[in-house]
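These notes open a run of structures that come right after.
Paired with subunit B in one complex and with subunit C in the other, subunit A is shared by the two complexes that follow.
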Partner chain A sequence: MSELVAQLIWNGLVTGALIALVALGLTLIYGIAGFIQFAHGEIVALGAYNFMVFHKLMGWEIIPAVGISVLIMIIIGLILERFFFRPVREKDPMIPLVISIGLSIGLQAIILIFFGPNILTISDKTHASISIFGDKILATPSQIIAIISAVILMIGLGVFLKKSKIGKYLRAVASNREVAQVFGMNIDNSMKWIFGIGAGMAALAGIFLGFEQNLEPLMGVHISVKAFSAVILGAVGSIRGAIIGAFLIGLTESLLVGMGVIPSGFTSAIPFVILIGMLLLRPEGLFGNRFESLRR
Partner chain B sequence: MKNFTIGLILGILVVFGYQQLNYNPSVNSSEAIVIGGIAPLTGDAASLGIQTQEISNMRVEEVNKEGGINGRNLEIIWEDGKCTPGEASRAAQKLIGIDKVSVILGGVCSGETLGATPITERNKVILFSPISTSPEVTHAGDFVFRSAPSDSTQGMVLADYANKHFKRVGLISENTDYALGVANVFEEIFEGEIVREDYLSTESDFKTRITKLKNEKLDALIINPQSPPKYEIILKQLQEQNWKTPFLVNEVAAGNAESSIKFKDFLVKNKTVGANFIVPESDELNDVLQKYEAKHGKKVEYLNYTGTSYDGINILIHALSQVENISDTESIRDELYAIKDFPGLLGKVSMDENGDVNITYTLFEFNGEEFIPISE
Partner chain C sequence: MILEIKDLVAGYKSGPNILHQVNFQLHANEIVTIIGPNGAGKSTVLKSIFGITNLRDGKIIHGSRDITGLGTDQIINSGIAMVMQGNNVFPDLTVEENLDMGAFTRKNRGEIKKKKKEIFKFFPVLKKYRKKRAAVLSGGERQMLALGMALMLSPEVLMLDEPSIGLAPKVMQEVFDKILEIREQGTAILMVEQNAARALEISDRGYVLELEKNALEGPAKDLLKNPRVGELYLGKKK
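Now for the complex of A and B:
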């Protein structure tokens, strides 16, 4: 394999891993709560800004700064669930959807008020790249950590949903909320879990994204557009579908543009082309019907 | 009671609306002269817009303290053009339609200036840009002027340098009116091969483009961003992929050494040359810089645009002082065309028949601390 292809595949994997972390939260929330959380992108951005405050401004080491930022975002995720989504849970799904759009705009405004419109750097240090796979690929430490973390989290989430008692509860609720309730399962707790997990993974994605591309108020919007496409590509509500969809988008973007198959000016259009194509040809996504991964 | 309340609200709206319709500050001879200002006050290019706003306001305050323009104070109403044609067009409509201005200082980004031009030309409103450098501005209209040089000479000096030193270059360029202006002139004049990669202002991931360019066996890379933050992200990702060719950079990069200093070892090792225009050392320049620092508690970020902004507002003030009626934009236009050897920070400034100034670009090299002029 040539150095070019190897590097492009690596770039695609990095992008795919970041999209996957965001897409997992979206698909989990859709699978269980039944609506698309449009403010998920802002959780990504807030996670990154939080990390910047603790690591760069307050001088915390990377690992504690990541820990506290993820924790704060989990708490924010729980607050959003409790005060904005729980009161309308039994209403028409259009209502929480509209609330999430409003929250998205509100959280963007909060970022603008506290951090301003300019692009900020997440750290003053620039990390040199290291060669991997026999000098064929240049990768930064943050990229390697992002890919490893994403893979661990994806496997961990899969095991959690399949093996743990709470995971089984969540899958039961995703499969049929009313029946699960009849069997005594606590819907409030299920919602807390998925909003917490979703927000935590989004925060982590935001931190990795900050290392890759610096911080700006709309950083979450750009990646969540790709994550929406990944979720639809894979099958809305499917964990496996979201992961495969995310990596397919990351790799397609990188390889098609990098190999010169399509002009680089069309990079931003790729997720939309995939999304429209998928909706026209196979609206149920690559992995069949809704919730299949959560149910199994 | 309900009818009374509705009647009261309607009455207030009618009275307030009538007052608004009659609010015409720029033609009331006893009150302040109000002009409009369009600049990117938010977004990637905000640092350019805010500095322009601060320099212009500082000069206006000085003029007002000295007695104003023919006894009348000057005031600028600023609108955020967000560095986009659409926002600038809306800002121009608001300034002309609601604030009734007959002169607008701006835009800052070329896209803003070109976006506002159809509105200002139709209303015969003066549009005076202190920074826009796109070659398209030259023929944008009879009421359009600027105090910054045209990019046609920027693209030309970069291409002349590249013709002497390189055969095959990469060009990574932002998809904005300003950056495309530089890129297109460069492409026209450069005799060698170009591998060009354009990107949208919303993009922040350049890894794939850099990998692709790296595989093209280039002699040099031209980096042509619209704003310093994008320049920094591109440099970060170039450094991460161990880029090893000389760089040619546009004035956004060469005019703001702060961004380059963050990557100084990388840029010096690869040799970085940029295009910019010279702001000659002078007592007046030092005075402006000191006043700015005292007022804002920081140094100017862009020395080159300090020169064009300061000269721009001064030229405009001079033209306004020469006319009897501020609404007579044809007279203001004629005064601007008549500008010749106007003493400014950039030297003796003259306006040509297209509303362009006689300032040209030259080459600078980054030495790790600043960009210093070189002769080629």
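Now for the complex of A and C:
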């Protein structure tokens, strides 16, 4: 394998891992709440801006700054759930969907008001790249940490959903809400869990993304479009599908643009092309009806 | 008396009243069936006892305790369990996980494990498929699983909503046999059934619900002989 290809695969894996963190939240929220949360990308963006405030402006060390930013975003996720989505829980799923589109626009405006339209960076320090895999690939420390944490989180989430009582309970609510009620499961609590977990992972993705690229008010939209595509690609509601969809999009994007197959200006069209092709060939998604899905 | 429903009025959300003044009683160790035409509110009676509908008037007494208006988890903990009609398991969970989730409101892990063993003994088919997803079970197996999930709660009163729906006659027989066995173990059963004739045969008493009210009640044998019930619900000609 040439060094270029190896490097492109590495870059694709990094992007894929970040998309996966966002896509997992989306697919979980869909599984439990039954709608696509369009403001999820803004949680990513706010996570990045939050971290920038604590780390760059207030001078906190990286780890405490990550901790506080993730915590704040989890709280914001819970607030959104409580005041915007829970009141319409029993309504037609179109209603929370439209609310989430409104929230997305509103949160973008809040970012604009506080941080302005200009590009910002998360840190002034530049970290030297490290050669890995026998000098074939150049990687930044934040990329390595991003991939490791994303993998740990994905495995952790899988084990949590599979083994823990709360995880089984969340899958049960997603699988059949009426039966869940008959066995005394509280549906509101499941919404809290899922919005909290989703927001936490999105915030973390935002912070890693901030190390990779600049901060700008629309950064959430860009990543969430890819995450939506990943979720639909893998079959909406499926955990495994979202992860594989995310890596497929990350890798395709990196390889096609990097090899010069497609001009870089078309990067953001790639998820859509994959998506349209997918919907034409296999509308149920890669893992629809084949592997376990969160919601049938 | 183990369960008493007095003058129940209920509906869904802000909709109209589905039940008007429904009354009935269930004694310990009894099988009671509610029959009636479609839309008479048979399922609504069970859901109302379980706190899923909007109770507007009346009282529900379990043993000596007034459980009117309690949350579903409290009603479960008072000793009532319900098997819903149709989709009554978690299709994406394994058989064993379904049983675990049946005992969701129970905290004692040792107790849950012991209960699960009993259920596997009572329904050997569930043990055989314990690692399989519930979605791949047949209709009859799924109904057994739904019963198993409710039995995880060791209920005093088990409410069954159309336990025979969609089942082949032979499988239906197996389900009804299990219901009789469950009663023998000391659980009172309150059942809603389309297949009125078959259900009344295994019941001690029956109630006929018509136009959202009680129309007739009596020992199951008498209802089976009643010409009006026979004509309307049992498919007998005059």
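Methods note: the second predicted complex is superposed on the first by the 286 of 296 C-alpha atoms of A that agree within 3 Å, B and C clash if a C-alpha of one lies under 4 Å from a C-alpha of the other, contacts with A are read in each partner's own complex, and residues count from 1 in each chain.
Here is the rule we go by: a residue touches a chain if its C-beta (ideal position, glycine included) is under 8 Å from a C-beta of that chain, and two chains touch if they have at least 3 such contacts.
Only a predicted model underlies this, so the values are computations on that prediction, with no experimental measurement involved.
Partners subunit B and subunit C, once the complexes are superposed on subunit A, both fit on it without clashing. Contacts of A:Ser175 after superposition on the shared chain: subunit C is touched, whereas subunit B is not. Once the two complexes are overlaid on the shared chain, A:Ala109 sits clear of subunit B and of subunit C alike. Using the contact criterion defined above for the overlaid structures, shared-chain residue A:Ile152 touches neither subunit B nor subunit C, since it reaches no partner.
By the document's definition of touching, neither partner reaches A:Val261: not subunit B, not subunit C.
Contact with subunit C, but none with subunit B, is seen for A:Gly184 once the two complexes are overlaid on the shared chain. Residue contacts after overlaying the shared chain place A:His222 against subunit B, while subunit C stays out of touching range.
Of the two partner chains placed by the overlay, only subunit B lies in contact with A:Thr15; subunit C stays clear of it. The least CA distance from subunit B to subunit C in the superposed model is 33 Å. Note for the complex: subunit C touches subunit A at residues 13, 50, 52, 71-73, 76-77, 82, 84, 87-93, 97, 100-102, 104-105, 133, 135, 149. By the touch criterion stated above, subunit A contacts subunit C in their complex at residues 90, 165, 168-169, 171-172, 174-176, 178-186, 292-296. Contact residues on subunit A toward subunit B in their complex (touch as defined above): 3-4, 7-8, 11-12, 14-15, 112, 117-119, 121, 126-129, 138, 140, 212-214, 216, 218-219, 222, 253-254, 257-260, 264-265, 267-268.
Of all residues in subunit B, those touching subunit A in their complex are 42-44, 46-47, 175, 197-200, 202-205, 207-209, 211-212, 214-215, 229-230, 232-233, 236, 239-242, 262-263.
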